[in-house]
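Below is one structure. I have some questions about it.
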Amino acid sequence: QVELRVMYYTDGIEDQVLGEQISRFEAENPGIKVALDVVAYKQIVEGLPVQLAAGEGPDIARVTDLGGLAKYYLDMRPYLEDAGYWVENFGPFLPWLRQEGDTESVCGYMTQMTVTGPFVNKTLFEQAGVAMPAKGATWEDWAAAVNEVARKLDIPIPLAMDRSGHRMAGPAISQGAAYFDAAGEPAVVDEGFKRMAQLLVDWHNDGTMSKELWGSVSGSSYRGANEEFGNAQVVMYMSGSWQIAQFSEQIGDDFDWWAVPNPCGPGTCTGMPGGAAMVAFKDTEHPAEVTKLMEFFAREDNLEDFYSRTLFIPGHVGLSAKGIDFQTDNPNAKHALGVFAEHIGEISPTAFQLQGYPFNRVMFNAAISRVNQAIVGEMSLDEAYGRIEQDVEQQIAEKKRGG
Amino acid sequence: MADLRLRGIAKSFGATEVLRDVELEVADGEFVVLVGPSGCGKSTLLRIVAGLEKQSAGDIEIGGANVNAVPAADRGLAMVFQSYALYPHMTVYKNMAFALENTRMPKEQITARVREAAAMLRLGELLERKPAQLSGGQRQRVAIGRAMVREPKVFLFDEPLSNLDAELRVAMRKELATLHASIKATMVFVTHDQTEAMTLADRIVVMRAGVLEQIGRPLDVYNHPANLFVAGFIGSPRMNFFAAAAEGGRLRLAAGGMMDAPPGIALADGAKVTVGVRPEHVAIGTAAGCDPFAGAVEINEQLGGESYLYCGCGLEEQVVVHSPGQNELRVGDRIELALPPGRAHVFDGDGKVVRPA
Amino acid sequence: MADLRLRGIAKSFGATEVLRDVELEVADGEFVVLVGPSGCGKSTLLRIVAGLEKQSAGDIEIGGANVNAVPAADRGLAMVFQSYALYPHMTVYKNMAFALENTRMPKEQITARVREAAAMLRLGELLERKPAQLSGGQRQRVAIGRAMVREPKVFLFDEPLSNLDAELRVAMRKELATLHASIKATMVFVTHDQTEAMTLADRIVVMRAGVLEQIGRPLDVYNHPANLFVAGFIGSPRMNFFAAAAEGGRLRLAAGGMMDAPPGIALADGAKVTVGVRPEHVAIGTAAGCDPFAGAVEINEQLGGESYLYCGCGLEEQVVVHSPGQNELRVGDRIELALPPGRAHVFDGDGKVVRPA
Amino acid sequence: MISRLLHFLGRGRGTGGRPHVTDVLTWLYLALGVFLMFAPVLWLGLSSFKTQAGLIEYPPTLAPLEQITVPVEGYDEPLPLFRVTGEDGVVRELAQVRRVGIISLMVDPAAPAERIKVPIDSIEKVREVKLAFENYAYPIAKLNFLGYLGNSVFVTVAATAITLVINSMAAFGLAIYRFPGRNVALGLVIGTLMFPLTIILVPTYLIVTELGMTNSLWGVILPGAATPTGVFLLRQYMLTIPGELIEAARLDRASEWQIYWRIVMPLALPALAVLAIFSVIWRWNEFLWPLIVLNRSENFTLQIGLHSFSGEFYTRWNYLLAMTVLTLLPVLFVFGWLQRFITTGIASAGIK
Amino acid sequence: MRQRLRELAALPWLLAMRALDRPFRLLQRGIGQGGMPYFFLVPNLLFFGTFVILPLLVNAAYSLTGGTELFLEDRPWIGAEHFGHLFACGDLLDPATCREDNFWRAIYNSMKFVTLQVGFMVALSLLTALVLNRKIRARGFFRAVFFFPVLLSPVVVALIWKWVLHRDGVLNALLESLGGDKILFFIDPGWAMFWAIFVSIWAHMGFYTLILLAGLQAIPPDLYEAAEMDGTSKTRTLWRITLPMLWPNLVVVIVLAMIKSVQTFDEVFVLTGGGPGTATQLIVQYIYDTGFASQVQNFGLAAAASYVLAVILIALTVIYIALAFRPDAKHA
């Protein structure tokens, strides 16, 4: 009897769905027992790295720091029955799970593909009688439109954006930010990034964005605007595909919440990809069984079942192409899922590169915390740029020192 | 005016009844001494007067005003606690000055008063000590000093001299008498010391088990105890009691022999009474009007200036005889004793004294 | 064997020297009473013997063995604290049983012993009370009981009867004597009560300011005080002192008049001495060998069985005169006093007694 | 305000039987306390019965409300009820069939045949108080609730017991004795007070790993057992116990151990109760440390278990709150029981 | 009956202690009374050494090594470099000139926070303890009321207060109904600090109140009686009797409040997130972010910062301890 441990966090019903699949797996494989440990997300972020470092981790986990933990991942290839299936269907995302220099290994699959992109309260637009900017509109266009809606209807927050460097990265790349220099080394601050930063500062100063969300917290803290959006206090909310399930439960059809295409900048019109991956750890005592379980999870039928019920954008090329019949009868959700699926195709390569960079969070966090300090007036934007570069440089250096 | 009036005071702690229907009037400037066996409710009574404990029933008047609802701080009394209750974190000086500082008295005046009291209490050297660094008697004196410096209208003393040596106690006694005379305060004083009670009191109050048994001037109480209890309690060693029965106008003692009834006392024939004679009145040898009886010295307590002989006379209790000075008697020596009828007290079956007609 | 030997004990608290060179031997089974003015170091001495305080110098031997390094728990003594130190969270019963439980005595035996002690101390009703619910005297009795039940070889009592009423005190005194006789324990007993000291002690130890002034059998100390201090301290009211000068084999009193020197005492002419006569020896009227001098009654302390007259005789201090029984003298009455030479003590300029040749 | 309150604590009392100004102020203070301390908690209780949507609704409602739905003839599902203000100002209650953009399609439940189009800014949900018991039912059913509860109870009881015993022993040693090294030990205790657990989380985890206690409840229990806080608290309290009691006990031939548990412990009961309350709460609510030590769900404590409702983007506040309320009940009970020991002031009655 | 039950509940404890009695008596015979204090200290110090001192030593080693590795043997020695970084400042008083500007911002925020929070915390918990120590009806209930917030986890505390302080929250509703304007409390540094302090006091006051309540109980009641007989006003009784007698416990409260205040982290973090900007970012948050929550876990820098913090704390505490240990151990 082999016991496998799966550490899993949940934003909704994923754990239920996975639990059912595990039961099926156990029925198929009587020799393997799988324990599903549903934990707080905090444990994945803060507990798991230490546990892994100390050699006390689980066999499989759902993680979001894809590259950061790559050194602990199990390369499943020796045990995989059909490595080709994995390369074929998870190919674009596998590099995210690899250590620098590694181009081969297969360590996991995406339980969830996410794309960042804005939602709007369409009902407000209708009530205000303002036309929604069409696909291809710039951020400035949107800003003008949401401001108009807000003014007409006395809505407190025209535009909200998750306080997250990751959320900011899409628009920044659209503004032309490259995030890396020619040598592939991190270089956050460039003209494009500065344009975006300037925009954010301006928006906060002219009331397009509310300081309540960005201004009110420090450092790299995440802060979303779900509540405000759900209470119809936000016209446009730059967030991401993972919100769909929540919105359908929370907002239902109190108003029409629509996902809209990512607005454009001088560069492009991209969102950021992202997501969570299921990975196997090499410290496991049962690599073969672990792989077997992973293969079971990653089977097309199981994944389809999973994605369709959790309303996650598939991180499976085949399923993406085929399209998923999401199990929801909320028209807003259906619409949004469609829009986000479209976003995927529009993601810029820079965004992919950034997402694949193991220490992207260093860049994200530096950007968000320093730009934020500029927004609240603790420092000028120029100082902020300097600090961002210093922060990134220092942390990467530290990382490289004892690697 | 600081007269003190207790009307029908009762007190229970849960089921324990500690005081019962206490009626007492203390005139302004009077010195009343409260005596009674340990645990009879003396401290409780003082605490009720002070306002530290709430009586279960009854009224307290001070200076004519009912103070039932007046908190302790406003009753204007000073009290020396049986347990001292010194402030452990303050020096002796501070302990004594504390109450005065409360009244916003000028500093020099406080210092003067405290120094004066300290000198009187022989605490002069110790003013900067904390209570933990004092001996038992020194602590007690600080407690007295704390009350004294306040010069209030009413003083309550709860066994204030119990831990002092004889010499100091005599000195303190004098000082208290002087204090009393000079500030004319009303004083209620609890003591177990007979000498203190007899010498200090204007009136003595004898308590037993929460009840006032007798109130009177010291020698009255001593000479005319109202009942067996008071007779036994006042005077040390205590009065000797002899069971007796009236027989033809005389008394037949259970110890054997007859004696005359004390002058003026007529008893119905056959009445069972108790005859009480104080140790200093028991005659060694013979006494007119009483058949002598024999006793064997069982204990000979020689106190130096006087002696007490504890004699076995075939009774349940020893007969205590006072003999002045020192003596050469040895345990086992036999002596003749007699009870002078003129010195005898007679108590009826209920323990109440039988007064001469 | 539980004899107790103190050799050169000294104790200082910081700069305060509390005991100096104390030498004392207490035989096994002996009852020693420690007396001395308040603050003279009695409690400190007991605490050092008990091992609660470390002496600054000197050795303590119990049963022949040096116990300097033996912790209090292992010295096998019982002590009654002047402050009682009852365990506030335990009932009276538990307080008394605690020590016995520590010796793993069977439960029934503990109960029996505690009940016996409680009965003796008249605490029978109170066994389930906590100390906070007791009167002062009751607490003190619990403290005694706690020591008594242990029946140790050495008892240390620090003013154990000070808060008891006279009757109870006499009873307790007897009980202690009985206890002493029955378990033959060595006892060191601190008291301020002259009667207790005189009646209980095999030997009395008189202390002053950390120094032992005299050790001796009670009547010896009473009759032959070694110095002025002891003479004044033992006996209450204290001995009267008269300044005098030797003049041709007789003594000229500062009060006026001459008196014979006490028998056997020869003094160099002109020597300044102090003559001491106890109140009970001052003669009212005349005395052979002494010129009478006049006094005016200033205070007439009537204790019932006896009286003390405080007379002004033109001296710095009043002359105290004992008069048996009660009297009718009033303040201001003039009486004649005389000092019987046979009863007088003579002290030299240093306060040391002058012994008859 | 502070000075006024201080003043009131110090004022002398007036005469007569009527309530004194200090009593009035006391009651005012207590009323304020109840309002400030308790009202939010009341909200917590009520909110634990709200739906997730109701929880994050602004402006917030006090009571848990839910929209009324009514069965309407001709419709399979019950329809949500709205209060509609007509253009003429007449208010009607209508059921909504469907919403298209800013127009709501409604029917009168009494006359289901006719459909009415209403602009959505003139409609308002009709709601009633409804307790969402599923907030409780679902997590209990879903989580291994009893298992978590058992783990929590074990951790709390064992940790508190160990903490009380070893801390009180150390405090006893530091308060009652004078011995070489005492100041060093005291310094250590106080010095280490300075470092929050968060700071030494990682090294402590390494040590726990070395001891093989990861994934065991002992790994949760032991590291926090020797709290400097507890030692310090107890020691300071024990300083107030009269020394003569200890001397008396020594003379009563009590061993030092007996002095500890028969004299000092009972007398330090109030402080022990404080520490026990503190320890129980701390262990019961402890989150970060177990989170790191435990990663197997059979070992999870309640706190870890119920936080599995907090995900990356989304926290199920309704479950979390309901479970919070549920987990509060036992500690509340324990507090109610222990707080009485805090007010058993006894330490002084035996000394004159 | 209840008495019986209580005795029953205490029985296991009694039995255990009694069972231990004989071995400990033997032990005492062995090591002597003078050795016993060590014995009493050993269990605690054992735990303490293993789970506190040892980690602190490891932490010290971290502060002198670099990289992001967990195991010391993997970490390169870099000496005092981290400390150097922390103190690389143009002007110590101006965080903007420092290399680790957020460290110094956090230090200054913490100082502000601690000063105000400790002062009010001690004063309020003392006041509350005094009120709750009065003979009032339903004392148990009120004690529970004031204590209740201590039971809540920081997340719940923050949730509750967000409900109050939100733009559309209860407080703003109240302000509006009184004719005022809404206040966005969390975008104003002053307000954010105020509420951070307020809420942390709200959340922890009950604990200190409890300590003080226990301390008040240890004051002999006859001192109050004596004070009353001395005609002492209530204010003076408070200052001259209660506070001095409460001192040992007050020291506990002051020291603990101060230390815990410096260590405040989650409840403020969940409430204000350290904002606006970095206005309420406290030192422990900095350490936690640097060493733990960030992707590149810089244990070394975090450890160095924690020692700097400890030095500051110790300096502060020494002042109090100097006062605290005047009435020192009294026995043996």
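Letters A, B, C, D and E name the chains as they come in the text, with residue numbers starting at 1 for each one.
One rule holds for everything that comes next: a contact is a pair of C-beta atoms (placed from the backbone, for glycine too) under 8 Å apart; a residue touches a chain by one contact, two chains touch by 3 or more.
Remember, predicted model here, so these are calculated numbers, not experimental data.
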Central chain of the complex, centres being mean CA coordinates: E
Farthest-lying chain, centroid of Cα atoms versus that of subunit B: A
Geometric centre distance via CA averages, subunit B-subunit A, whole Å: 92
Gap in Å, rounded to a whole number, between the CA centres of subunit E and subunit C: 57
Between subunit D and subunit A, distance of the C-alpha-averaged centres to the nearest whole Å: 33
Junction residues of subunit C - those touching two or more other chains: 71, 73, 82-83, 136
Where subunit E touches two or more other chains, by residue: 33, 70-71, 167-168, 220, 222, 233, 236, 292
Subunit D: positions in contact with at least two other chains: 12-13, 58, 201-202, 206, 247, 255, 258, 262, 347-349, 351-352
Complex interface listing, subunit B residues touching subunit C: 13, 35-39, 41-44, 82-83, 133-138, 141, 158-159, 162-170, 192-195, 198-199, 218-219, 222-223, 232-238, 278-280, 301-306, 322, 324-326
Touch list for subunit C against partner subunit D, complex: 47, 50-52, 71-74, 76-79, 81-89, 98-99, 102-103, 130-132, 136, 139, 146, 150
Residue ranges of subunit D touching subunit A (in the complex, touch as defined): 52-53, 56-58, 99, 101-102, 120-121, 201-202, 205-206, 209, 214-215, 288, 291-292, 295-298, 300, 304, 307-314
Complex contact set, residues of subunit A against subunit D: 5, 7, 9-12, 15, 35-43, 46-48, 50-51, 54-58, 64, 122-123, 126-127, 224, 226-228, 230-231, 233, 242-243, 246, 249-253, 255-256, 276
Interfacial residue positions of subunit D with respect to subunit E in the complex: 2, 5-7, 9-13, 22, 26-27, 29-30, 33-34, 36-38, 40-41, 43-44, 47, 58-60, 165-167, 169-170, 172-179, 181-182, 185, 188-196, 198-204, 206-208, 211, 222-226, 228-229, 231-233, 236-237, 239-240, 243, 246-247, 255-258, 260-262, 270-271, 273-274, 277-278, 281, 285, 287, 303, 317, 320-321, 324, 328, 331-332, 335-336, 339-340, 342-345, 347-349
